[in-house]
Amino acid sequence: MALMIEAEEMAGYLDEVFPQVRGMFEIDELTEERLVMRLHVDEQHLRPGGTVSGPSMFGLADVAAYVATMARIGRQALAVTTHCSIDFMRKPAAGVDLLAEARVLKLGRTLSVTGVLLYSEGSGDPVAHASLTYSIPPARG
Amino acid sequence: MALMIEAEEMAGYLDEVFPQVRGMFEIDELTEERLVMRLHVDEQHLRPGGTVSGPSMFGLADVAAYVATMARIGRQALAVTTHCSIDFMRKPAAGVDLLAEARVLKLGRTLSVTGVLLYSEGSGDPVAHASLTYSIPPARG
Amino acid sequence: MALMIEAEEMAGYLDEVFPQVRGMFEIDELTEERLVMRLHVDEQHLRPGGTVSGPSMFGLADVAAYVATMARIGRQALAVTTHCSIDFMRKPAAGVDLLAEARVLKLGRTLSVTGVLLYSEGSGDPVAHASLTYSIPPARG
Amino acid sequence: MALMIEAEEMAGYLDEVFPQVRGMFEIDELTEERLVMRLHVDEQHLRPGGTVSGPSMFGLADVAAYVATMARIGRQALAVTTHCSIDFMRKPAAGVDLLAEARVLKLGRTLSVTGVLLYSEGSGDPVAHASLTYSIPPARG
(Lines give C-alpha, C1' and ligand atoms only; values in the text may rest on other atoms or scores of the structure.)
Protein backbone atom coordinates (compact mmCIF):
# COMPACT_ATOMS: atom_id res chain seq x y z
CA MET A 1 0.00 0.00 0.00
CA ALA A 2 1.39 3.35 -1.03
CA LEU A 3 2.28 5.84 1.69
CA MET A 4 0.41 9.14 1.94
CA ILE A 5 2.68 10.43 4.74
CA GLU A 6 6.43 9.81 4.93
CA ALA A 7 8.47 9.37 8.12
CA GLU A 8 9.58 12.96 8.65
CA GLU A 9 6.14 14.50 8.19
CA MET A 10 4.65 11.78 10.40
CA ALA A 11 7.04 12.61 13.24
CA GLY A 12 5.83 16.20 13.17
CA TYR A 13 2.21 15.08 13.05
CA LEU A 14 2.66 12.85 16.11
CA ASP A 15 4.15 15.74 18.11
CA GLU A 16 1.14 17.80 17.15
CA VAL A 17 -1.63 15.31 18.03
CA PHE A 18 0.06 13.63 21.01
CA PRO A 19 2.08 16.43 22.60
CA GLN A 20 2.12 14.64 25.96
CA VAL A 21 4.35 11.82 24.65
CA ARG A 22 6.72 14.04 22.65
CA GLY A 23 10.19 12.53 22.55
CA MET A 24 9.03 9.15 23.79
CA PHE A 25 8.62 7.44 20.41
CA GLU A 26 10.72 7.55 17.23
CA ILE A 27 10.17 6.24 13.71
CA ASP A 28 13.17 4.07 12.76
CA GLU A 29 11.78 2.95 9.41
CA LEU A 30 8.61 3.61 7.44
CA THR A 31 8.14 1.89 4.10
CA GLU A 32 5.26 0.36 2.17
CA GLU A 33 6.24 -2.97 3.69
CA ARG A 34 6.50 -2.16 7.36
CA LEU A 35 7.00 0.36 10.10
CA VAL A 36 9.64 0.08 12.81
CA MET A 37 8.91 2.26 15.81
CA ARG A 38 11.12 2.79 18.86
CA LEU A 39 10.19 3.41 22.46
CA HIS A 40 12.96 5.31 24.20
CA VAL A 41 12.79 3.36 27.43
CA ASP A 42 13.39 5.41 30.56
CA GLU A 43 12.55 5.27 34.26
CA GLN A 44 8.80 5.88 33.80
CA HIS A 45 8.43 2.71 31.66
CA LEU A 46 10.08 0.30 34.05
CA ARG A 47 8.93 -2.22 36.63
CA PRO A 48 11.12 -3.55 39.46
CA GLY A 49 13.92 -5.63 37.97
CA GLY A 50 14.35 -3.23 35.08
CA THR A 51 11.71 -4.77 32.83
CA VAL A 52 9.40 -2.66 30.67
CA SER A 53 5.84 -2.40 32.04
CA GLY A 54 2.77 -3.87 30.33
CA PRO A 55 1.13 -0.47 29.72
CA SER A 56 4.34 0.77 28.07
CA MET A 57 4.37 -2.24 25.73
CA PHE A 58 0.69 -1.72 24.98
CA GLY A 59 1.31 1.97 24.34
CA LEU A 60 4.13 1.26 21.87
CA ALA A 61 2.02 -1.31 19.97
CA ASP A 62 -0.87 1.15 19.83
CA VAL A 63 1.20 4.07 18.55
CA ALA A 64 2.84 1.81 15.96
CA ALA A 65 -0.54 0.64 14.66
CA TYR A 66 -1.76 4.24 14.57
CA VAL A 67 1.27 5.47 12.63
CA ALA A 68 1.21 2.55 10.20
CA THR A 69 -2.47 3.21 9.50
CA MET A 70 -2.21 7.01 9.25
CA ALA A 71 0.71 6.65 6.83
CA ARG A 72 -1.71 4.90 4.46
CA ILE A 73 -4.93 6.87 4.92
CA GLY A 74 -3.56 10.34 5.71
CA ARG A 75 -4.35 12.50 8.72
CA GLN A 76 -7.50 11.26 10.47
CA ALA A 77 -7.23 12.51 14.00
CA LEU A 78 -10.56 10.87 14.81
CA ALA A 79 -9.45 7.31 14.08
CA VAL A 80 -9.71 5.34 17.33
CA THR A 81 -8.49 1.98 18.58
CA THR A 82 -11.46 -0.34 18.95
CA HIS A 83 -9.63 -3.55 19.83
CA CYS A 84 -6.25 -4.81 20.93
CA SER A 85 -5.26 -8.39 21.51
CA ILE A 86 -1.74 -8.77 22.90
CA ASP A 87 0.32 -11.80 23.92
CA PHE A 88 3.16 -11.13 26.33
CA MET A 89 5.67 -13.84 25.51
CA ARG A 90 9.02 -12.94 27.04
CA LYS A 91 10.37 -10.49 29.59
CA PRO A 92 11.86 -7.47 27.81
CA ALA A 93 15.60 -7.06 28.29
CA ALA A 94 16.65 -4.44 30.84
CA GLY A 95 18.47 -1.31 29.76
CA VAL A 96 17.63 -1.31 26.05
CA ASP A 97 14.94 0.31 23.89
CA LEU A 98 11.86 -1.55 22.74
CA LEU A 99 11.13 -1.80 19.01
CA ALA A 100 7.78 -2.42 17.31
CA GLU A 101 7.56 -3.90 13.84
CA ALA A 102 4.11 -3.19 12.41
CA ARG A 103 2.36 -4.38 9.26
CA VAL A 104 -1.06 -3.23 8.09
CA LEU A 105 -2.90 -6.47 7.29
CA LYS A 106 -6.18 -4.94 6.21
CA LEU A 107 -7.13 -1.43 5.25
CA GLY A 108 -10.87 -1.23 4.76
CA ARG A 109 -13.25 1.65 4.38
CA THR A 110 -14.14 1.75 8.08
CA LEU A 111 -11.59 -0.56 9.77
CA SER A 112 -7.86 -1.25 9.68
CA VAL A 113 -6.11 -4.26 11.22
CA THR A 114 -2.41 -4.08 12.07
CA GLY A 115 -0.14 -6.86 13.30
CA VAL A 116 2.70 -5.83 15.60
CA LEU A 117 5.71 -7.70 16.96
CA LEU A 118 7.68 -6.13 19.82
CA TYR A 119 11.40 -6.81 20.33
CA SER A 120 14.03 -5.69 22.79
CA GLU A 121 16.69 -3.96 20.70
CA GLY A 122 19.39 -6.43 19.73
CA SER A 123 17.27 -9.54 20.28
CA GLY A 124 15.61 -11.72 17.63
CA ASP A 125 12.92 -13.23 19.87
CA PRO A 126 9.72 -11.20 20.09
CA VAL A 127 8.63 -10.13 23.59
CA ALA A 128 5.04 -9.52 22.53
CA HIS A 129 2.67 -10.05 19.62
CA ALA A 130 -0.35 -7.83 19.10
CA SER A 131 -3.21 -7.24 16.72
CA LEU A 132 -4.95 -3.86 16.76
CA THR A 133 -8.09 -2.64 15.06
CA TYR A 134 -8.68 1.01 14.27
CA SER A 135 -12.08 2.41 13.42
CA ILE A 136 -11.78 4.99 10.65
CA PRO A 137 -14.45 7.67 10.58
CA PRO A 138 -16.33 7.89 7.27
CA ALA A 139 -14.96 10.54 4.91
CA ARG A 140 -17.01 13.69 4.79
CA GLY A 141 -18.28 14.64 1.37
CA MET B 1 -13.79 -18.47 45.56
CA ALA B 2 -12.65 -17.63 49.06
CA LEU B 3 -10.26 -14.72 49.52
CA MET B 4 -6.75 -15.30 50.87
CA ILE B 5 -5.99 -11.56 51.04
CA GLU B 6 -8.51 -8.88 52.05
CA ALA B 7 -8.67 -5.33 50.69
CA GLU B 8 -6.56 -3.57 53.31
CA GLU B 9 -3.69 -6.06 53.21
CA MET B 10 -3.84 -6.05 49.40
CA ALA B 11 -3.43 -2.27 49.28
CA GLY B 12 -0.22 -2.55 51.30
CA TYR B 13 1.01 -5.39 49.11
CA LEU B 14 0.46 -3.34 45.93
CA ASP B 15 2.46 -0.43 47.34
CA GLU B 16 5.24 -2.88 48.08
CA VAL B 17 5.46 -4.64 44.69
CA PHE B 18 4.55 -1.67 42.45
CA PRO B 19 6.02 1.33 44.29
CA GLN B 20 6.12 3.35 41.07
CA VAL B 21 2.32 3.54 40.84
CA ARG B 22 1.70 4.21 44.55
CA GLY B 23 -1.43 6.35 45.00
CA MET B 24 -2.62 5.80 41.43
CA PHE B 25 -5.00 2.90 42.11
CA GLU B 26 -7.43 2.22 44.94
CA ILE B 27 -9.52 -0.81 45.90
CA ASP B 28 -13.17 0.29 46.23
CA GLU B 29 -14.54 -3.19 46.88
CA LEU B 30 -13.07 -6.67 47.20
CA THR B 31 -15.41 -9.60 47.79
CA GLU B 32 -15.62 -13.22 46.71
CA GLU B 33 -17.91 -12.04 43.91
CA ARG B 34 -15.98 -9.20 42.40
CA LEU B 35 -13.34 -6.53 42.71
CA VAL B 36 -13.94 -2.85 41.99
CA MET B 37 -10.73 -0.92 41.41
CA ARG B 38 -10.37 2.81 40.88
CA LEU B 39 -7.90 4.73 38.76
CA HIS B 40 -7.41 8.21 40.19
CA VAL B 41 -7.35 9.98 36.85
CA ASP B 42 -4.95 12.90 36.63
CA GLU B 43 -3.02 14.82 33.99
CA GLN B 44 -0.64 11.94 33.13
CA HIS B 45 -3.56 9.68 32.06
CA LEU B 46 -5.19 12.11 29.67
CA ARG B 47 -5.24 12.64 25.93
CA PRO B 48 -6.26 15.89 24.23
CA GLY B 49 -9.96 16.49 24.86
CA GLY B 50 -9.71 15.20 28.43
CA THR B 51 -10.23 11.54 27.59
CA VAL B 52 -8.31 8.78 29.38
CA SER B 53 -5.52 7.25 27.26
CA GLY B 54 -5.51 3.66 26.00
CA PRO B 55 -2.41 2.67 28.01
CA SER B 56 -4.07 4.01 31.18
CA MET B 57 -7.18 1.91 30.52
CA PHE B 58 -5.01 -1.12 29.79
CA GLY B 59 -3.04 -0.47 32.98
CA LEU B 60 -6.17 -0.32 35.12
CA ALA B 61 -7.57 -3.53 33.61
CA ASP B 62 -4.23 -5.27 34.18
CA VAL B 63 -3.90 -4.19 37.82
CA ALA B 64 -7.50 -5.19 38.49
CA ALA B 65 -6.93 -8.67 37.05
CA TYR B 66 -3.72 -8.99 39.08
CA VAL B 67 -5.40 -7.97 42.34
CA ALA B 68 -8.44 -10.18 41.75
CA THR B 69 -6.15 -13.15 41.08
CA MET B 70 -3.71 -12.49 43.95
CA ALA B 71 -6.66 -12.16 46.37
CA ARG B 72 -7.49 -15.79 45.59
CA ILE B 73 -4.05 -17.42 45.32
CA GLY B 74 -2.06 -15.32 47.80
CA ARG B 75 1.17 -13.46 47.15
CA GLN B 76 2.81 -14.67 43.97
CA ALA B 77 5.03 -11.83 42.83
CA LEU B 78 6.10 -13.94 39.84
CA ALA B 79 2.64 -14.24 38.29
CA VAL B 80 2.77 -12.51 34.89
CA THR B 81 0.20 -11.35 32.34
CA THR B 82 0.43 -13.59 29.29
CA HIS B 83 -2.52 -12.23 27.33
CA CYS B 84 -4.90 -9.32 27.19
CA SER B 85 -7.75 -8.82 24.80
CA ILE B 86 -9.45 -5.45 25.17
CA ASP B 87 -12.35 -3.81 23.33
CA PHE B 88 -12.51 -0.04 23.54
CA MET B 89 -16.21 0.72 23.19
CA ARG B 90 -16.85 4.29 24.30
CA LYS B 91 -14.85 7.40 25.03
CA PRO B 92 -14.30 7.75 28.80
CA ALA B 93 -15.98 10.80 30.34
CA ALA B 94 -13.67 13.73 31.06
CA GLY B 95 -12.94 14.80 34.60
CA VAL B 96 -14.01 11.66 36.47
CA ASP B 97 -12.21 8.56 37.75
CA LEU B 98 -12.23 5.27 35.88
CA LEU B 99 -13.54 2.15 37.63
CA ALA B 100 -12.76 -1.49 36.83
CA GLU B 101 -15.12 -4.28 37.79
CA ALA B 102 -13.23 -7.58 37.70
CA ARG B 103 -14.38 -11.19 38.02
CA VAL B 104 -12.08 -14.21 38.08
CA LEU B 105 -13.65 -16.61 35.57
CA LYS B 106 -11.14 -19.41 35.90
CA LEU B 107 -8.50 -20.15 38.49
CA GLY B 108 -6.44 -23.08 37.37
CA ARG B 109 -3.19 -24.57 38.58
CA THR B 110 -1.07 -22.61 36.10
CA LEU B 111 -3.46 -20.03 34.56
CA SER B 112 -6.12 -17.59 35.67
CA VAL B 113 -8.62 -15.80 33.42
CA THR B 114 -10.26 -12.57 34.58
CA GLY B 115 -13.03 -10.60 32.89
CA VAL B 116 -12.94 -6.83 33.40
CA LEU B 117 -15.44 -4.09 32.54
CA LEU B 118 -14.27 -0.46 32.74
CA TYR B 119 -16.68 2.39 33.53
CA SER B 120 -16.38 6.13 33.91
CA GLU B 121 -17.55 6.87 37.45
CA GLY B 122 -21.25 7.68 37.45
CA SER B 123 -22.00 6.04 34.10
CA GLY B 124 -23.69 2.68 33.49
CA ASP B 125 -22.28 2.07 30.00
CA PRO B 126 -18.93 0.29 29.94
CA VAL B 127 -16.08 2.12 28.14
CA ALA B 128 -14.03 -1.04 27.70
CA HIS B 129 -14.26 -4.80 28.08
CA ALA B 130 -11.18 -6.92 28.67
CA SER B 131 -10.10 -10.48 29.29
CA LEU B 132 -6.71 -11.09 30.88
CA THR B 133 -4.75 -14.28 31.42
CA TYR B 134 -2.16 -14.62 34.16
CA SER B 135 0.43 -17.37 34.21
CA ILE B 136 0.93 -18.62 37.76
CA PRO B 137 4.33 -20.13 38.55
CA PRO B 138 4.15 -23.68 39.89
CA ALA B 139 4.23 -23.89 43.68
CA ARG B 140 7.55 -24.96 45.11
CA GLY B 141 7.44 -28.10 47.23
CA MET C 1 -31.81 -1.88 24.42
CA ALA C 2 -35.25 -2.56 23.00
CA LEU C 3 -35.69 -5.61 20.80
CA MET C 4 -36.65 -5.22 17.15
CA ILE C 5 -37.02 -8.97 16.63
CA GLU C 6 -38.47 -11.38 19.20
CA ALA C 7 -37.41 -15.00 19.75
CA GLU C 8 -39.94 -16.72 17.51
CA GLU C 9 -39.39 -14.47 14.51
CA MET C 10 -35.63 -14.74 15.02
CA ALA C 11 -35.75 -18.53 14.91
CA GLY C 12 -37.44 -18.34 11.51
CA TYR C 13 -34.91 -15.78 10.29
CA LEU C 14 -31.99 -18.01 11.31
CA ASP C 15 -33.42 -20.96 9.39
CA GLU C 16 -33.72 -18.68 6.37
CA VAL C 17 -30.19 -17.18 6.37
CA PHE C 18 -28.29 -20.21 7.70
CA PRO C 19 -30.21 -23.18 6.29
CA GLN C 20 -27.15 -25.43 6.62
CA VAL C 21 -27.28 -25.33 10.44
CA ARG C 22 -31.05 -25.71 10.75
CA GLY C 23 -31.97 -27.55 13.94
CA MET C 24 -28.50 -27.17 15.44
CA PHE C 25 -29.18 -24.06 17.53
CA GLU C 26 -32.16 -22.98 19.61
CA ILE C 27 -33.10 -19.76 21.37
CA ASP C 28 -33.83 -20.55 25.03
CA GLU C 29 -34.35 -16.94 26.10
CA LEU C 30 -34.25 -13.56 24.38
CA THR C 31 -34.85 -10.44 26.44
CA GLU C 32 -33.52 -6.89 26.51
CA GLU C 33 -31.04 -8.08 29.13
CA ARG C 34 -29.58 -11.16 27.56
CA LEU C 35 -29.84 -13.99 25.10
CA VAL C 36 -29.47 -17.66 26.01
CA MET C 37 -28.74 -19.85 23.02
CA ARG C 38 -28.45 -23.64 22.95
CA LEU C 39 -26.26 -25.89 20.86
CA HIS C 40 -27.90 -29.29 20.48
CA VAL C 41 -24.71 -31.28 20.88
CA ASP C 42 -24.49 -34.39 18.72
CA GLU C 43 -21.84 -36.62 17.20
CA GLN C 44 -20.54 -34.01 14.71
CA HIS C 45 -19.59 -31.61 17.55
CA LEU C 46 -17.55 -34.06 19.60
CA ARG C 47 -13.89 -34.83 20.05
CA PRO C 48 -12.56 -38.11 21.44
CA GLY C 49 -13.57 -38.39 25.10
CA GLY C 50 -16.97 -36.87 24.41
CA THR C 51 -15.91 -33.24 24.76
CA VAL C 52 -17.29 -30.52 22.47
CA SER C 53 -14.81 -29.36 19.80
CA GLY C 54 -13.30 -25.88 19.68
CA PRO C 55 -14.92 -24.99 16.33
CA SER C 56 -18.33 -25.98 17.76
CA MET C 57 -17.80 -23.70 20.77
CA PHE C 58 -16.64 -20.89 18.48
CA GLY C 59 -19.67 -21.45 16.24
CA LEU C 60 -22.11 -21.24 19.16
CA ALA C 61 -20.50 -18.03 20.48
CA ASP C 62 -20.61 -16.53 16.98
CA VAL C 63 -24.27 -17.37 16.36
CA ALA C 64 -25.21 -16.06 19.81
CA ALA C 65 -23.46 -12.73 19.14
CA TYR C 66 -25.15 -12.53 15.74
CA VAL C 67 -28.62 -13.20 17.16
CA ALA C 68 -28.15 -10.79 20.09
CA THR C 69 -27.04 -8.06 17.66
CA MET C 70 -29.73 -8.70 15.01
CA ALA C 71 -32.43 -8.65 17.71
CA ARG C 72 -31.42 -5.02 18.36
CA ILE C 73 -30.74 -3.70 14.86
CA GLY C 74 -33.17 -5.75 12.79
CA ARG C 75 -32.38 -7.91 9.78
CA GLN C 76 -28.97 -7.05 8.37
CA ALA C 77 -27.86 -10.09 6.50
CA LEU C 78 -24.62 -8.31 5.58
CA ALA C 79 -23.37 -7.85 9.13
CA VAL C 80 -20.11 -9.80 9.46
CA THR C 81 -17.90 -10.94 12.34
CA THR C 82 -14.67 -8.93 12.26
CA HIS C 83 -13.11 -10.19 15.49
CA CYS C 84 -13.43 -12.93 18.07
CA SER C 85 -11.35 -13.37 21.17
CA ILE C 86 -12.15 -16.57 23.05
CA ASP C 87 -10.72 -18.11 26.23
CA PHE C 88 -11.23 -21.83 26.61
CA MET C 89 -11.30 -22.32 30.37
CA ARG C 90 -12.72 -25.74 31.15
CA LYS C 91 -13.50 -28.95 29.32
CA PRO C 92 -17.20 -29.08 28.42
CA ALA C 93 -19.11 -31.87 30.13
CA ALA C 94 -19.83 -34.92 27.98
CA GLY C 95 -23.37 -35.78 26.95
CA VAL C 96 -25.08 -32.47 27.63
CA ASP C 97 -25.95 -29.43 25.51
CA LEU C 98 -23.85 -26.28 25.49
CA LEU C 99 -25.48 -22.95 26.39
CA ALA C 100 -24.32 -19.45 25.45
CA GLU C 101 -25.29 -16.43 27.51
CA ALA C 102 -24.76 -13.30 25.41
CA ARG C 103 -24.94 -9.60 26.27
CA VAL C 104 -24.54 -6.77 23.78
CA LEU C 105 -22.02 -4.42 25.41
CA LYS C 106 -21.89 -1.82 22.69
CA LEU C 107 -24.16 -1.09 19.78
CA GLY C 108 -22.64 1.60 17.61
CA ARG C 109 -23.42 2.87 14.18
CA THR C 110 -20.89 0.62 12.45
CA LEU C 111 -19.80 -1.86 15.16
CA SER C 112 -21.34 -4.02 17.86
CA VAL C 113 -19.48 -5.77 20.69
CA THR C 114 -21.01 -8.78 22.43
CA GLY C 115 -19.73 -10.64 25.47
CA VAL C 116 -20.53 -14.36 25.62
CA LEU C 117 -20.13 -16.96 28.35
CA LEU C 118 -20.49 -20.64 27.43
CA TYR C 119 -21.71 -23.25 29.93
CA SER C 120 -22.34 -26.95 29.85
CA GLU C 121 -26.02 -27.37 30.71
CA GLY C 122 -26.42 -27.88 34.45
CA SER C 123 -23.05 -26.43 35.42
CA GLY C 124 -22.35 -22.99 36.90
CA ASP C 125 -18.71 -22.73 35.82
CA PRO C 126 -18.21 -21.23 32.36
CA VAL C 127 -16.30 -23.39 29.85
CA ALA C 128 -15.41 -20.41 27.64
CA HIS C 129 -15.54 -16.63 27.57
CA ALA C 130 -15.66 -14.73 24.31
CA SER C 131 -15.91 -11.23 22.94
CA LEU C 132 -17.12 -10.76 19.36
CA THR C 133 -17.24 -7.71 17.15
CA TYR C 134 -19.70 -7.37 14.29
CA SER C 135 -19.30 -4.84 11.52
CA ILE C 136 -22.68 -3.38 10.59
CA PRO C 137 -23.04 -2.10 7.04
CA PRO C 138 -24.14 1.53 6.80
CA ALA C 139 -27.88 1.97 6.38
CA ARG C 140 -28.97 2.84 2.89
CA GLY C 141 -30.88 6.08 2.61
CA MET D 1 13.31 -24.46 16.56
CA ALA D 2 14.21 -27.97 15.50
CA LEU D 3 11.41 -30.32 14.52
CA MET D 4 10.72 -33.44 16.57
CA ILE D 5 8.07 -34.70 14.14
CA GLU D 6 8.26 -34.36 10.34
CA ALA D 7 5.33 -33.85 7.97
CA GLU D 8 4.66 -37.45 7.08
CA GLU D 9 4.68 -38.75 10.63
CA MET D 10 2.55 -35.79 11.71
CA ALA D 11 -0.11 -36.61 9.12
CA GLY D 12 -0.43 -40.11 10.56
CA TYR D 13 -0.56 -38.73 14.10
CA LEU D 14 -3.40 -36.33 13.19
CA ASP D 15 -5.45 -39.17 11.71
CA GLU D 16 -4.93 -41.06 14.94
CA VAL D 17 -5.90 -38.32 17.43
CA PHE D 18 -8.58 -36.55 15.34
CA PRO D 19 -10.16 -39.42 13.35
CA GLN D 20 -13.37 -37.38 12.86
CA VAL D 21 -11.62 -34.84 10.60
CA ARG D 22 -9.60 -37.38 8.60
CA GLY D 23 -9.06 -36.13 5.05
CA MET D 24 -10.16 -32.60 5.85
CA PHE D 25 -6.70 -31.10 6.47
CA GLU D 26 -3.37 -31.59 4.73
CA ILE D 27 0.18 -30.47 5.52
CA ASP D 28 1.56 -28.62 2.48
CA GLU D 29 4.85 -27.63 4.12
CA LEU D 30 6.46 -28.19 7.52
CA THR D 31 9.85 -26.66 8.19
CA GLU D 32 11.62 -25.06 11.14
CA GLU D 33 10.45 -21.71 9.80
CA ARG D 34 6.78 -22.28 9.21
CA LEU D 35 3.92 -24.64 8.62
CA VAL D 36 1.50 -24.37 5.70
CA MET D 37 -1.72 -26.28 6.27
CA ARG D 38 -4.58 -26.78 3.82
CA LEU D 39 -8.30 -27.06 4.44
CA HIS D 40 -9.90 -29.07 1.64
CA VAL D 41 -12.97 -26.88 1.35
CA ASP D 42 -16.16 -28.74 0.59
CA GLU D 43 -19.91 -28.30 1.06
CA GLN D 44 -19.86 -28.64 4.86
CA HIS D 45 -17.53 -25.59 5.22
CA LEU D 46 -19.58 -23.19 3.16
CA ARG D 47 -22.07 -20.43 3.88
CA PRO D 48 -24.57 -19.08 1.35
CA GLY D 49 -22.67 -17.34 -1.44
CA GLY D 50 -19.92 -19.93 -1.39
CA THR D 51 -17.81 -18.33 1.32
CA VAL D 52 -16.04 -20.41 3.98
CA SER D 53 -17.77 -20.29 7.40
CA GLY D 54 -16.22 -18.72 10.51
CA PRO D 55 -16.06 -22.02 12.44
CA SER D 56 -14.21 -23.61 9.49
CA MET D 57 -11.65 -20.78 9.49
CA PHE D 58 -11.29 -21.06 13.26
CA GLY D 59 -10.88 -24.82 12.94
CA LEU D 60 -8.10 -24.50 10.36
CA ALA D 61 -6.23 -21.93 12.45
CA ASP D 62 -6.54 -24.15 15.51
CA VAL D 63 -5.30 -27.30 13.79
CA ALA D 64 -2.40 -25.37 12.26
CA ALA D 65 -1.34 -24.02 15.67
CA TYR D 66 -1.64 -27.53 17.13
CA VAL D 67 0.46 -29.11 14.40
CA ALA D 68 3.11 -26.37 14.50
CA THR D 69 3.40 -26.79 18.28
CA MET D 70 3.39 -30.61 18.30
CA ALA D 71 6.09 -30.65 15.61
CA ARG D 72 8.37 -28.89 18.13
CA ILE D 73 7.45 -30.58 21.43
CA GLY D 74 6.53 -34.08 20.24
CA ARG D 75 3.30 -35.95 20.87
CA GLN D 76 1.36 -34.35 23.73
CA ALA D 77 -2.21 -35.37 23.19
CA LEU D 78 -3.19 -33.42 26.32
CA ALA D 79 -2.11 -30.02 25.02
CA VAL D 80 -5.21 -27.82 24.83
CA THR D 81 -6.08 -24.48 23.25
CA THR D 82 -6.56 -21.92 26.01
CA HIS D 83 -7.00 -18.81 23.88
CA CYS D 84 -7.68 -17.73 20.33
CA SER D 85 -7.90 -14.20 19.04
CA ILE D 86 -8.91 -14.01 15.39
CA ASP D 87 -9.49 -11.08 13.04
CA PHE D 88 -11.68 -11.80 10.02
CA MET D 89 -10.44 -9.35 7.42
CA ARG D 90 -11.71 -10.40 4.01
CA LYS D 91 -14.28 -12.76 2.58
CA PRO D 92 -12.62 -16.02 1.48
CA ALA D 93 -12.78 -16.68 -2.25
CA ALA D 94 -15.40 -19.17 -3.36
CA GLY D 95 -14.38 -22.50 -4.83
CA VAL D 96 -10.78 -22.70 -3.64
CA ASP D 97 -9.03 -24.25 -0.64
CA LEU D 98 -8.04 -22.25 2.40
CA LEU D 99 -4.38 -22.19 3.48
CA ALA D 100 -2.97 -21.44 6.93
CA GLU D 101 0.58 -20.19 7.39
CA ALA D 102 1.62 -20.73 11.01
CA ARG D 103 4.67 -19.63 12.98
CA VAL D 104 5.41 -20.60 16.57
CA LEU D 105 6.30 -17.30 18.25
CA LYS D 106 6.94 -18.63 21.72
CA LEU D 107 7.53 -22.12 23.01
CA GLY D 108 7.66 -22.07 26.78
CA ARG D 109 7.60 -24.77 29.39
CA THR D 110 3.83 -24.56 29.90
CA LEU D 111 2.57 -22.34 27.04
CA SER D 112 3.05 -21.93 23.30
CA VAL D 113 1.92 -18.97 21.20
CA THR D 114 1.40 -19.37 17.45
CA GLY D 115 0.62 -16.69 14.88
CA VAL D 116 -1.48 -17.79 11.91
CA LEU D 117 -2.41 -16.07 8.65
CA LEU D 118 -5.18 -17.57 6.52
CA TYR D 119 -5.28 -17.16 2.73
CA SER D 120 -7.56 -18.30 -0.04
CA GLU D 121 -5.38 -20.36 -2.36
CA GLY D 122 -3.96 -18.17 -5.10
CA SER D 123 -4.48 -14.88 -3.28
CA GLY D 124 -1.84 -12.77 -1.51
CA ASP D 125 -4.20 -10.91 0.82
CA PRO D 126 -4.86 -12.67 4.12
CA VAL D 127 -8.52 -13.42 4.92
CA ALA D 128 -7.86 -13.81 8.64
CA HIS D 129 -5.14 -13.31 11.24
CA ALA D 130 -5.08 -15.31 14.44
CA SER D 131 -3.04 -15.85 17.57
CA LEU D 132 -3.50 -19.07 19.51
CA THR D 133 -2.20 -20.16 22.89
CA TYR D 134 -1.75 -23.80 23.82
CA SER D 135 -1.33 -24.98 27.36
CA ILE D 136 1.25 -27.76 27.52
CA PRO D 137 0.87 -30.24 30.39
CA PRO D 138 3.98 -30.54 32.56
CA ALA D 139 6.20 -33.48 31.65
CA ARG D 140 5.94 -36.42 33.99
CA GLY D 141 9.18 -37.44 35.64
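Lettered A, B, C and D in written order, each chain numbered from 1.
Rule of thumb we're sticking to: contacts are C-beta pairs under 8 Å (C-beta built on N, C-alpha and C of every residue); 3 or more make two chains touch, one makes a residue touch a chain.
Every value quoted in this text rests on a predicted model; they were computed, and no experiment measured them.
Undergrad: Can you give me the shortest step count from subunit B to subunit C, moving only between touching chains?
TA: Tracing touching chains, the least step count from subunit B to subunit C comes to 1.
Undergrad: Farthest from subunit B in C-alpha centre terms, which chain would that be?
TA: Max centre-to-centre separation from subunit B belongs to D.
Undergrad: Measure off the straight-line distance from the CA centroid of subunit A to the CA centroid of subunit C, and report it in whole Å.
TA: 33
Undergrad: Per the centroid of Cα atoms for each chain, what is the distance between subunit A and subunit D, given in Å?
TA: Centres of subunit A and subunit D (C-alpha means) sit 28 Å apart.
Undergrad: Just how far, in Å, is the C-alpha centre of subunit B from the one of subunit A?
TA: The computed centroid separation for subunit A versus subunit B comes out at 24 Å.
Undergrad: Among all residues of subunit D, which ones touch two or more of the remaining chains?
TA: 82-83, 85, 87, 89, 133
Undergrad: Examine which chains touch each other and state the graph shape they make (line, ring, star, complete, other).
TA: complete
Undergrad: Inside the complex, what are the residues of subunit C that reach subunit D?
TA: Going through subunit C, the ones touching subunit D are 17-20, 44, 46-48, 53-56, 58-59, 62, 80-89, 91.
Undergrad: Looking at the complex, which residues from subunit C come into contact with subunit B?
TA: 85, 87, 89-90, 105-106, 108, 113, 115, 117, 125-126, 129, 131, 133
Undergrad: Could you please specify the touching residues of subunit C with respect to subunit A in the complex?
TA: Residues of subunit C touching subunit A: 82-83, 85, 110-111, 133, 135, 138.
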